[in-house]
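Consider the two complexes below, in which chain A is the common component and chain B and chain C are the respective partners.
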Partner chain A sequence: MFDNLRRLIDKIKPNFVEGGKFGWLQSTFEAFETFAFTPNTVTRHGSHVRDAVDMKRAMITVVIALMPALLFGMWNIGFQTSLNAEDWPYELGTAASWWYCLWFGFLRMLPLIVVSYVVGLGIEFMFAQIRHHEVNEGYLVTGLLIPMIVPVTTPLWQLALAVAFAVVLGKEVFGGSGMNFLNPALVARAFLFFSYPTHMSGDKVWIAADLWGTDAIAGATPLGELAAGSLPSDTALDMFIGTVTGSTCETSVIAILLGAIVLLVSGIASWRIMLSVILGGGAMGLLFNLIGANDYMQLPFYYHYLMGGFMFGAVFMATDPVTSAQTNAGKWIYGLLIGLFAVMLRVLNPAYPEGMMLSILLMNSFAPLIDHCVVARNIKKRERRKEAVR
Partner chain B sequence: MIKIKKGLDLPLTGAAGCRVSDARSIVSYAVKPTDYVGLVPRLMVVEGDEVSAGDVLFCDKNDERIRFVSPVGGVVKAVVRGEKRKLLAVVVKRQTGNGMSSPLSFDNVDDLKQKMLHSGLWTLLRQRPFGIVANPDTTPKAIVVSGFDSAPLGCDYDFALQGREDDLCRGLETLSMLTEGTTYICFRPGQRLAQSVLSHCGKVNVQYVEGPHPAGNVGTQIAQLCPINKGESVWTMNIQDVTVLGHWVATGQYCPERVIAVAGPLAKNPHYYQIIAGACVEEIVRAQVLNVDYPALECSKESMQSIRVISGNVLSGTRIAQDGFVGAYDSLVSMIPEGDYYDFMGWLMPGLKKHSFSRTFASGFIPNCMSGLFKVLPEELQPRFDTNTHGGVRPLVFTGDFEKVFPFDIYPLQLLKACIVGDLELMEKLGIYEVEPEDFALCEYIDPSKTDIQPIIREALEKLRKEGM
Partner chain C sequence: MKNFDLIKLPFNKQNPITVQVLGVCSCLAVTAQLKPAVVMAVSVTVVVALANLIISLLRNTIPPRIRIIVQLVVVSTLVVLVDQFLKAYMYDVSKQLSVFVGLIITNCIVMGRLEAFAMSNPPLPSLCDGIGNGLGYSVILVTLGFVRELFGSGSLWGYPIAEKLGLYGIGYENNGLMIMPPMALILAGIIIWIQRTRNKDLQED
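Now for the complex of A and B:
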């Protein structure tokens, strides 16, 4: 079967090369061809053998790491509705209800994911074709991340707009994946947050009322409750497991940690960043504990890990290799500051209940500066060595 | 003892066994200007000329004292030229044996330099930065010789130089005359050669280096012992060439014999061959394909298909034709399969036989949990190495990986980017003088973006060198 497919591809390939009938679809064709078959290109010189990992493999590893959070998120969408909706078809707590939660969430997530991929990849393919580049795999991850960090009731047209904004202005204008300085998924999230605040925050966005549409049932997130001046009604254990309200797939710390294990074992994401974000957040939380001026400050520091998108951000967003600091020392500084600012924003600025997104975007823009300083030290060291010889 | 922590040993199959075949009867030899970085050759012979071993074939146009000589006596069979009449190789067909001479002595350094230049041995000396043939008008701050090859399938010098210890020591003593600084030689702890050097050459500083590849690369050792600053130079010589030098000093004879390893997954009977520098590999390769002892008879075209022959190691060696010639500085010929195949859903499959530095393939989990059970991995679990790139070229996206295999106090990604944009000043600041392309070979290997890093570094160095000229 593979041989037949290969033969078919080889047969139609001449139509898609430069000057062929469908020459204008070259990049698209190449994307699908290399999707089916790893290309037969060989090394010409230099290192004659190459590592088996390529961009596709690396990106698919991240997608796999996202799966636990995605699956739990789907189930939780259904679960939250089942708790609050009046016409839930199954008795709560039964196996049937459990499975229906997953199915319900799957049907709610599917349009979000499809819209994100269709719009995002469409733009990516277009840019690749105009530039005569191969299509970059970066969007495989970004396209999944975006629906995972928005409220379930986000209107599809808003999502489409945000995706287009993020891909064009967050990435392609800089030259595509690898050249951007802001995490495109967070650019999309920020676009939604500032353009359509009524759909992105408050109490009436987090729980889907029914299978279709953007109607929502009231229900505050733990962070929302804190911003409103009360303590979270959910227990720490609930928040750790993730059976609380929040953006679609960010609630479960367990599921996110499973993904973190995949990322760390495979070596795709930086353990330095993950660890330092967590340390930074904890340090700020402890500092607030010491000050203890209000209820929020007295909240045990580890609550910050459990609430909102802190862990999701630490594991999947801050570790984006393109937009994070690129030197190892820089990664520590970058991560620590993300953690610090995220908790600081949460506690000190009730207008933005969730500080993680803004904190990562802020440090994204500072990452080149951090790297510059780290590299400057190395340069100075080299200059000193030279002077010592004289 | 210097401990190198960063690096990677590739588990290629087909390491050379401890056995030597005599292949000095090979007829065809070549000296290739392309083996020498930045060389503009001036041809000194024409086809049909008779030459004896040590006669000049071509010289450096910029410094005619630097002569490239014939390794054997015979007739100039061909002058091979490429595009724009670029001189690619001078092929000599061997006819006569070597002449007789007498031991040499040197009055002073200049006398030694003179004689080395005249004999053609000078071209075995290379200088860093730039990797060019050493400039005889300068004095290096140190000379460093690597006593072991840590590259995949690398030559075991303890075995290859058996019985040549005297020549080695004499060569090292001679080398140490060329610098006012220290002459270092680096060995793995426990290497037999180290003992001979320690007991016979007092002038040479013996160092021990431990760790994965690139611990044996002279660049790694220089970075540890005497990092190169702008304006300085360090000279290096391959350890086999040091014995050639020692032999020349003792006998006055230019006798560039060396023992090379022929190895790799496609070498059916990998072992060592005694050759004369620049030998044609055709018969050796054939013998390896047919699994017979050298010399081998004709073999079918099919059995020779899809074999890549590399002079040097798989990470930084030079691709040569199946009837090509061993490179001037190489002690290893690697034979690996070409990888021009399509791999269905290669990016998704578990990949039990795919080697990766990252642990994104099933193969990444085998050695760790299985090596306790098996001394040698069963064949089904051995990773397969070929020339497939395993993916298309992409922009540099991932960070922090190069550092894991790059044992220098240099930021590899930042230096690479400086080289790509051609910012000479930044390159200097980031330490370009301390590296050669081969030092980036492992970075190139593990790079998921499939960037050809070594040519970028070479180009940048050449640009810098021409700027300084």
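Now for the complex of A and C:
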């Protein structure tokens, strides 16, 4: 079968090279060929291999790290509906019901993922074509992240619009993967959040009413309850396991931690950033505990890790190697401030129940400045050392 | 021909907003709807054209040391006239524009054209330059106002287009981001992007 495919590709290849009949489709053809087969071109001059991990492998590793959260998120979509829907086909608590939860969630997630990939990759191919670049793999992760951080009932046309906005204005306008200064997945979410607030917040978006459509059952997230002035009705253990309402795949701390282990062991994400985000959030939480002016401030600080998208943001969003700070000292500052601002926004601003998205986007835009200061300081330090030796 | 060029250039290669990046503040503030955007565009065009003409007539008598103050006096007089006119004949729009009519005084396009052109050119070219820059500013303002009102409020000049077409019935919704000032900045950025892609000599490095 692969021989036939190889033969077919070789046969049509002359049409797609420079000057061929479909020469303008060169980069699209190249993308599909290297997707199917390892390229057979060989570097002729000295090559500069520093690491066996290329972009393709790094992206696949992140996708693997996302799998636990994705699978749990799918199951939880069904589980939340089963708890609240009037007619659920199986008796709650049975194995059949358990499996049906996963199937239900899979069917709900599938359109979101398909729309995200089709629209996003479509635009990526278009830009690669116009610019005569190769299509690269950056969108594999972004395209999966976007459906994972929106409410399950997000209308598909709005998602498509947000994906187009994020890919064009969050990424391609700056020159494509690796050139963007904001995390494209969060740009998509921010676009939805400010454009269609009724579909992104409140308490009637988090639980799907049935298999199709955008109808939702009322059910507030823990953060929503806190913003409304009451305490979360879910226990800390529920929030740790993830059987609470929220954006599709952000609820389970356990599943996210499994992903974090994959990212840390493979060395793709920075442990400094993850740790500093967690420390920053904890420090702010403890500070509010000391002030203790209202119920929200008195909430134990570790609740902030369990609620909303804090852990998802810390593990998968803040660590984006393109948009985070690059220097080691810069990473600490960047991460600490993300954690601080996220918790501060949550507690002090009732208009924004969740502060993680905005604080990561804010620090994304400050990351180059932080790096600049760290580098300038280092230069000054070394100059002083040089003076001392002289 | 030269005077006509002065009117024509600001539409593209010398556009005050997309090339000189002047007057951006008001372009973010008043373009949420088409009507105030058009009124603002006309007001600025009138002010910058007349101010250019007056300063150009006075240019040889203004002592260089106090020229900014003289320019400011002329501009503020014109702006107060425009403001009073709007209050008298278009009160609702005047309320919508609120302080931004008064802030035309500080609009960088007005001061920029006076300093850069009217101070050293005869009256007729100065008038043309003022009209051209005012219209160049207007083009961007009206474009932004059109897009933002259409997608942000689903209407044009107050006429509810989306509702009449029955778009809400099939699940369409207005885009809340369009009404916020940041979206005006993003849209202006998109216009700059398109303009520079088409105009090779505007591209830097």
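By our rule, the second predicted complex is superposed on the first by the 369 of 390 C-alpha atoms of A that agree within 3 Å, B and C clash if a C-alpha of one lies under 4 Å from a C-alpha of the other, contacts with A are read in each partner's own complex, and residues count from 1 in each chain.
In the analysis below, a residue touches a chain if its C-beta (ideal position, glycine included) is under 8 Å from a C-beta of that chain, and two chains touch if they have at least 3 such contacts.
Treat the numbers as computed from the prediction; the structure is a model and nothing was measured.
With both structures placed on the common chain, the touch criterion links A:Arg6 to chain B but leaves chain C unconnected.
In the superposed model, A:Ser177 lies in contact with chain B only, and not with chain C. In the superposed model, A:Trp157 makes contact with chain C only, not with chain B.
More chain A residues lie in contact with B than with the other chain of the pair chain B and chain C.
By the touch criterion defined above, A:Asp215 reaches neither chain B nor chain C.
When the two complexes are overlaid on their common chain A, residue A:Ser195 makes contact with chain C while staying clear of chain B. Looking at the shared chain after the overlay, A:Asp295 reaches neither chain B nor chain C. In the complex of the two chains, the chain A residues touching chain C come out as 155, 157-158, 169, 173, 191, 194-199, 214.
Of all the residues in chain A, the ones that touch chain B in their complex are 2, 5-6, 34, 36-58, 60-61, 134, 136-138, 175-179, 265-268, 270, 272, 321-322, 324, 326-328, 331, 371, 375, 378-379, 381-383, 385-386, 389. For chain B in complex with chain A, the residues that touch the partner chain are 10, 12, 227, 229-230, 232, 308, 310, 314-319, 334, 336, 338-348, 351, 354-361, 363-364, 385-401, 403, 409-411, 413-414, 429-431, 437, 441-442, 444-450, 452-455.
Residues 171, 173, 175-178, 180, 186, 189-190, 193 of chain C are the ones that touch chain A when the two sit in their complex.
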